[in-house]
Amino acid sequence: MASNTFYAVVAGVGAGTGRSVALRFAKAYPVALLARRPESYNEIVEEIKKAGGQAIGVSADTSDEASVKAAFESIKKEFAGRNLAAAVFNVGAGFAVKPFLELKAEDLENSLNGNAKGLFNFAQQTLPQLLESVPDSPHPPTLIVTGATASIRGSARFATFAASKFAARGLTQSLSREFHPKGVHVAHAIIDAVIDIPRTKEWVVNDGKEDSKISPDSIAESYWYLHTQERSGFTQELDLRPYVEKF
Amino acid sequence: MASNTFYAVVAGVGAGTGRSVALRFAKAYPVALLARRPESYNEIVEEIKKAGGQAIGVSADTSDEASVKAAFESIKKEFAGRNLAAAVFNVGAGFAVKPFLELKAEDLENSLNGNAKGLFNFAQQTLPQLLESVPDSPHPPTLIVTGATASIRGSARFATFAASKFAARGLTQSLSREFHPKGVHVAHAIIDAVIDIPRTKEWVVNDGKEDSKISPDSIAESYWYLHTQERSGFTQELDLRPYVEKF
Amino acid sequence: MASNTFYAVVAGVGAGTGRSVALRFAKAYPVALLARRPESYNEIVEEIKKAGGQAIGVSADTSDEASVKAAFESIKKEFAGRNLAAAVFNVGAGFAVKPFLELKAEDLENSLNGNAKGLFNFAQQTLPQLLESVPDSPHPPTLIVTGATASIRGSARFATFAASKFAARGLTQSLSREFHPKGVHVAHAIIDAVIDIPRTKEWVVNDGKEDSKISPDSIAESYWYLHTQERSGFTQELDLRPYVEKF
Amino acid sequence: MASNTFYAVVAGVGAGTGRSVALRFAKAYPVALLARRPESYNEIVEEIKKAGGQAIGVSADTSDEASVKAAFESIKKEFAGRNLAAAVFNVGAGFAVKPFLELKAEDLENSLNGNAKGLFNFAQQTLPQLLESVPDSPHPPTLIVTGATASIRGSARFATFAASKFAARGLTQSLSREFHPKGVHVAHAIIDAVIDIPRTKEWVVNDGKEDSKISPDSIAESYWYLHTQERSGFTQELDLRPYVEKF
């Protein structure tokens, strides 16, 4: 079965990692892009089409179960007959950097909704599809989750963000252990870096040295590599950081 | 200032760790016991009083911000003039062991509410009090959080529990890094064991060997040890498991 | 500068990972193969040459400083004018699985010699060369170290092996933190698996399921991927294990 | 059987942790002190005797198998009829902070000898004795190993020290997993701090804040706590650091 009978989905697209990942996977598969608002995916869909790929955008709030279900119903119509080969959860949410006693219950709620519930809902929808693809997918069907420094380190003033990124990592590990033996690859990437995107252009990190922010294309290449690993050698977790990043 | 001007609070009391911790800390401080229902704390309050200690029980749902606030207002009245020396968060919630695709959104919600939001609300109420106690407390004021195997390992079929226990660990680490320099000790204990309580009496673990479940009194002693550490040597995390436990 | 002015070196070649890594890197660079005895590299050198690549074999004991120095002097003659683009330390040594009280001082010595001193000597010789290649190398010059389950877990009856694999991991981390900012990529791969090679053919692991041992070619692909990462996104550590491996 | 039929041994005594640990354990047991030179233990032996305890000093190089054997033969004569209840390995060696390319093979050798081989030799001698004490010892017989920041983090310029402290941690973990089920408690303590001893008096750490170096007495209390844990709740690892320490 050729890979044109499969598709990929990326949740959390915008100017950075999501866009690069969508463009990279669009070289091999039609791609569905999920974001809350069309402004986040419209241009990327056009970019993929211009490059000769196939893409659709779907508005969805991954933290809302019904919204994610509706999104996948719409994807299934658009990509009728295709099976899911790769799913990337790249939603970044609830990044509040504040002293703990200034944080509100809403800060925790937002962060857990975006990073933990969103991943839960996305995994609930994509894993049954990925399981179906195991016999025919050109590469082992793959679910990749974008983590951050806060996935493995609870820094001062990052209480709610650390809580939710730790949660996503624990959830991902559990999925790896349950779904690897069924043939679905579930991986977690720790992006220990500032992403090099328009929004961070003016930020000075690592003394402003060249390449001191991570290129989103480089993340996308890593995700593609994870997807292409054969099942005798799955990576469950890797880190990615600029050469000059302190760690 | 003598320690009879201080008090301790334990959230999540019942037949196991919470009871033992309350009894242990009651040797040194009047203790406030938090649980959802009076059935969970009434007997322990009596037990402490019979042993010559002071204790009050307060009904509260730690996952509900308003409920936790109300509980501490009631505690402040009962223990007027006392400052908080030690707070233990021992709420166990949302332990659903199921294949991921059988889990519901409510399972995640319950688990996050109990373990992550509950800790957040409890920490929001106790840390300001613990900060006030820094100059006078007989030992550095302490917040201790009860973790589990799932705090550091996302096992298959434990997706929602792992998510919420990872979250609590990330949150606790962040609090340690923010509040240690202010003199408040925040520690996380990984209880990698089945607790030896009436409810688990019939469970056969570790081939049924003697002492193969952890004694809650032994956990309580460890928490007391953590509380008594001087500030030049704080432990942020320790594990506790029976000698025969595989790990 | 084209990549034909560079070379790669692999220490610890034999029937498994070393051979596959050498073959993979030989697609891009002439490769020097290090092993104690010519029997370990002769056939691989021939295999590379037949495939149109360039390769030399050099006998060396990496645990012996003088031997490693001599090996690189010989390599520099053979590959005169070339700079080092990639170095892989894949020596497996001192794997004694025994109750601790049956282990002898020699078991520890052998294991430390192979895994820790060998890596130290190899890194001392290769890092100065890798530093020189930073400005021109087609990919950031790279040192990759092969780890094992025992690199992150000290299992019962693996005392000396765990000691030496932990040592190699600590050493590698230190090199990553020192040399990443200078532009040399230092990465550690945790191979949590039995390698699928002739010697392990009869071993039944993971219930004998298909692909339940890791393919050495799959490890080689991962190493090549690590080598090709651009400097804005270096991976310091990744794990690799078969889909059915318990972890 | 009363605890006066048992003894404790501390390897690596001097002005800091070793001295405090010896003094603390001497409150409960006669203590044997091991150090290379009598100058390191003579005063401590006197101090213990003055306080009403029993102590002997033995010169030994723990990195030398024969020397350790001889030391324990001499201890067995002096403490005839006593069994070993607690053994503490506190040897600090091979701490060279240098750029990697300035390190010599001897630096690695020294560091591995002190931290890895020393622990191996010490464990080989003490574990058989600790096993014998399981039925009667007042607390589960215990082997405690002193770790450092470098046990879990390979920092730049700490290559050989990290290698050897990682090695000791891996070895200790393996011993925990093998000997816990036999009733011997093996624990690892990560001392993430500068120790507050005469030699470090002038060092300014953590902006010179009060109590910003760890008190060796506080380490000793933690070791005593570890020793007194009952077998249903063993701690395998804990960290210790001053409240103001960055981590």
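Every chain is named by a letter (A, B, C and D) in the order it is written, and numbering of its residues begins at 1.
Definition applied: contacts are C-beta pairs under 8 Å (C-beta built on N, C-alpha and C of every residue); 3 or more make two chains touch, one makes a residue touch a chain.
Going by UniProt, the chains are A, B, C, D = Diacetyl reductase.
Quick caveat, the model's predicted, so the values are computed rather than measured.
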item: Chain located farthest away, centre of chain C (Diacetyl reductase) as origin (C-alpha); value: B
item: Chain B (Diacetyl reductase) and chain D (Diacetyl reductase): spacing of chain centres that average the CA atoms, whole Å; value: 31
item: Between chain C (Diacetyl reductase) and chain B (Diacetyl reductase), distance of the C-alpha-averaged centres to the nearest whole Å; value: 46
item: Contacts with 2+ other chains: residues of chain B (Diacetyl reductase); value: 177
item: Listing of all chain pairs that touch each other, if any do; value: A-B, A-C, B-D, C-D
item: Touching residues on chain B (Diacetyl reductase), where the partner in the complex is chain D (Diacetyl reductase); value: 140, 177, 180-181, 183, 185, 193, 196, 211-215, 218-219, 221-222, 225, 229-245, 247
item: For the chain C (Diacetyl reductase) and chain D (Diacetyl reductase) complex, residues of the former touching the latter; value: 65, 99-101, 103, 105, 108-109, 112, 116-117, 120-121, 123-124, 127-128, 150, 153-160, 162-179
